[in-house]
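In the two assemblies presented below, chain A is common to both, partnered first by chain B and then by chain C.
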Partner chain A sequence: MSINHSTWSVILFPYDLPPWMCMKQSFFMLSLLIPGPKGPGKNVDVYLQPLVQELQDLWDNGIETFHAYKRETFQLRAAIMWTINDFPAYANLSGWSTKGQYACPCCGIETISRWLKHGGKFCHMCHRRWLAPKHKWRLNGEDFDGTRELRKPPRRLHGDSILIQIDECLEEGLEDGAQPWKKKSIFFTLAY
Partner chain B sequence: MAHREWMHDPTKQSKEYIKGVNEFLEFAFQNSKSNKILCPCTNCANCLKGSRTSVREHLIDPRRGFVRGYRQWVFHGEEPTTSSRTVELVEMEHNMGGLINDIFGVHLMEEPTLGEGERNPQVGECSKFYQLVKDNEEMLYPNCKKYSKLSFMVHLYHLKCLPGWSDKSFSMLLDLLRDALLEGNILPKSYYETKKMISGLGLGYEKIHACPNDCILYRDEYVNDQVCPKCGTSRWKTTSEDVQANGMETSDKRKNLPAKILRWFPLKPRLQRLFMSSEVVESMRWHHEGRLNDGFHRHPVDSLAWKEFVA
Partner chain C sequence: MNIEKNVCDNIIGTLLNQEGKSKDNYKARADLVDMGIRSMLHPQPNPNNNTMRFPRACYQMTNKEKDAFLCILKNVKCPDECSSSIPRCVQVKQRKIFGLKSCDCHVLMQELLPIALRGSFPDKVASVLIDLCNFFKQICSKVLTVEFLEQLESQIAITVCQLETIFPPSFFTVMVHLVIHLAYEAKVGGPIQYR
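Then we have the complex of A and B:
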């Protein structure tokens, strides 16, 4: 199928609704229509600006709203909980590149990868690190890439350390010159 | 239906519990044709059948009891109440008067206690509102009982949008309908008029011009710029002749056409509308009222972060 035009949409779901209504089409809230001809790629932040500004305001100040059930006004506030997207779009939204040498967003900068010379692509063989420390597959080199896996799983990063990592990475890049963080995502401007 | 608190008795020996079990058996065998029912204990879990005595034994066994969360005895003849609500939703369309009231918060004006705060609709809003009310009261043609002008147009517009009729075909259909319906009907003359009428219902979108190379949006400090400050591309559609003639500017002969338009559907009025609609707001309270709160994590609502946010 040849695609020569791509329009992106941003859709919001109100999680206050009960589960059987929340994901129904009549309760989708279309928020942005980003026109083509090409998808926005990592510049999607530019288009998210109006939405994020509104979300900031809804978090900080809220908005006075009439409640039809209690029949009174109240201060409505809102927060974004998570984004639902596919893996390539994950890179566009978060700024962490999901392809190439550092493709794994769980391992982060500790991702281990190997360049396949004749296949011409990267492969990632470090998944045995996540197994339990005494798991029998860790010592079983034969069925995997011929090595024994003795490393612990990568460290879990907290919000602050991720922010520091992004700043450092955007300034200098990693030691080997790679640049897995492509940008500082616009979602970091939210208060939470 | 009561909330059946007794089903949570950990000892399975209290008076209320045993009374409840007896009631349950009574109820289940009333609705059952055979002398065996599905046993709702934790082991059988409504999969295995048992006689009256065996079910009773299972239920008052301290190690078994009712399977968790079986508040509505749907396997024993009780009608499920909550999940059938989706069906009702489909049928809430015809009530246009209620719809208009919800949108403009008319109940506010009826209640003087709430005062003359900023929530009172502006003058422009008012005229829009009265226009809609008028459209809703006007009959489609003399003695039409079923449709008002507004409700008919809303339905027709819906039909246009779902399969994607073209604007022109819609106008042509309007022409035909105007011709075919009884004398004195008041159908709008064209698609344009219909759109104007429908847009009174609110929830439109804003167009924001964007740089064709995704650099900036022409808003805030860039509102009046003609050229993208980052990449220098023109804000308007240009042809190669334009560029040769006068640089980045478009020629004055044509009206300026923006090169890229972002459509932004503001979120706030939509959230407000959710709460203002008397039909939806009941469902919005379901997490608070409709489900059991037993400390198990079934939905993000049960998470600490959500609770903190609500508080």
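Then we have the complex of A and C:
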């Protein structure tokens, strides 16, 4: 089965509905259809521009809406909470490369990977970092990957520190010359 | 869900040693030699000819065990609308499982694998894999509390470390690594089926 055409869609879900309603087809909002023949790749931001503008407007000004139960109008505002996508699309949307050495978007630049010479790929065998600091497995190299593990789990970055990191990284790259941030995602232009 | 499927594919492929899907091939064994770990699994020269022999690892099944394992999955009967037909994907004669959709993987991981594994594996391997299955099951539950998730978070670190001692390095793709972040993500984002 070969597919030579791919159309991407961006669908919005209203999350203030009860959980058994919000994922039903009648409440989908198809906001964008990105035409093929190829997927947009990391240029998806170009297509997202009108959507992000509207979201920004919905956050800043809101829109006057009729409340059917109270019989009055109110100012409706909206914020984007998260995106649901697969792992390759994660790279396109966020700008963090989900391939290669720094593949894990949660660990960020503290991702630890190891090049397998024969397998020709990276492996991520650093899970002893999440154990307690004095756990006996940390010193046991033989059963694990042959090394002692004394590092801490990666820090969780917050919005501002991520923005600083992106700016630094886009200008200079990391110390080892790698460039995990491919772009500054359009979602960072939103106010929140 | 995507992570669950990829982990499930990795496990099934490696356990049944399916050609092209197993993460344990001659390249993986060569990497073991490179890293200088698990000398039991290093390729041995065959005395009779020039080929290399690969010792059987604890996560590989003999043909008899494979048959028992697959027979359980083949004869599974589920209630209506519980899952799609998993027995259809199981080929007992060729000792293969293929064509698993992500919803099949979900049911397989959460319900069937812990049962099917029990007879065919040494306790050391089976208990770790069952722990992993339990983790997926618990994190998919409808009610999650923060204390429970913190407990899960420390538990999954131990489980993944135990996996590290069993499977070769090439098993640990990014997708397997991401399992460790799932508990935290559930803490931030709420129960999984409501996202």
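What we mean here is this: the second predicted complex is superposed on the first by the 191 of 192 C-alpha atoms of A that agree within 3 Å, B and C clash if a C-alpha of one lies under 4 Å from a C-alpha of the other, contacts with A are read in each partner's own complex, and residues count from 1 in each chain.
Here is the rule we use: contacts are C-beta pairs under 8 Å (C-beta built on N, C-alpha and C of every residue); 3 or more make two chains touch, one makes a residue touch a chain.
The model shown is predicted, which means the values in this text are computed figures rather than measured ones.
By the touch criterion defined above, A:46 lies against chain B but remains apart from chain C after alignment on the C-alpha atoms of chain A.
In the superposed model, A:54 makes contact with chain B only, not with chain C.
The larger set of touched chain A residues comes from B, when the choice is between chain B and chain C. Shared-chain residue A:14: touches chain B; no touch with chain C. In the overlay built on the shared chain, the residue A:184 is in contact with neither chain B nor chain C.
In the superposed model, A:35 lies in contact with chain B only, and not with chain C.
Once chain A of one complex is fitted onto chain A of the other, the partner contacts of A:131 are limited to chain C, with no touch recorded for chain B. Annotation: chain A residues 19 touch chain B in one complex and chain C in the other. Interface residues of chain C facing chain A in the complex, by the touch rule stated above, are 2, 27-28, 30-31, 34-38, 153-154, 157-158, 160-161, 164-165, 169-178, 180-181, 184-185, 189, 193-195. The part of chain B that touches chain A in the complex is made up of residues 82-83, 85-86, 89, 102, 105, 107-108, 111, 114, 117-119, 205, 208, 210, 214-217, 219, 260-268, 270-272, 274-278, 280-287, 290-291, 299-301, 309. Of all residues in chain A, only 12, 14-21, 24, 26-27, 29-35, 40-41, 43, 46-47, 49-51, 54-55, 57-58, 63-69, 71-73, 76-79, 81 touch chain B in the complex they form. Of all the residues in chain A, the ones that touch chain C in their complex are 19, 82, 84, 86-87, 98, 103-104, 106, 114, 116-121, 123-128, 130-131, 137, 141-146, 156.
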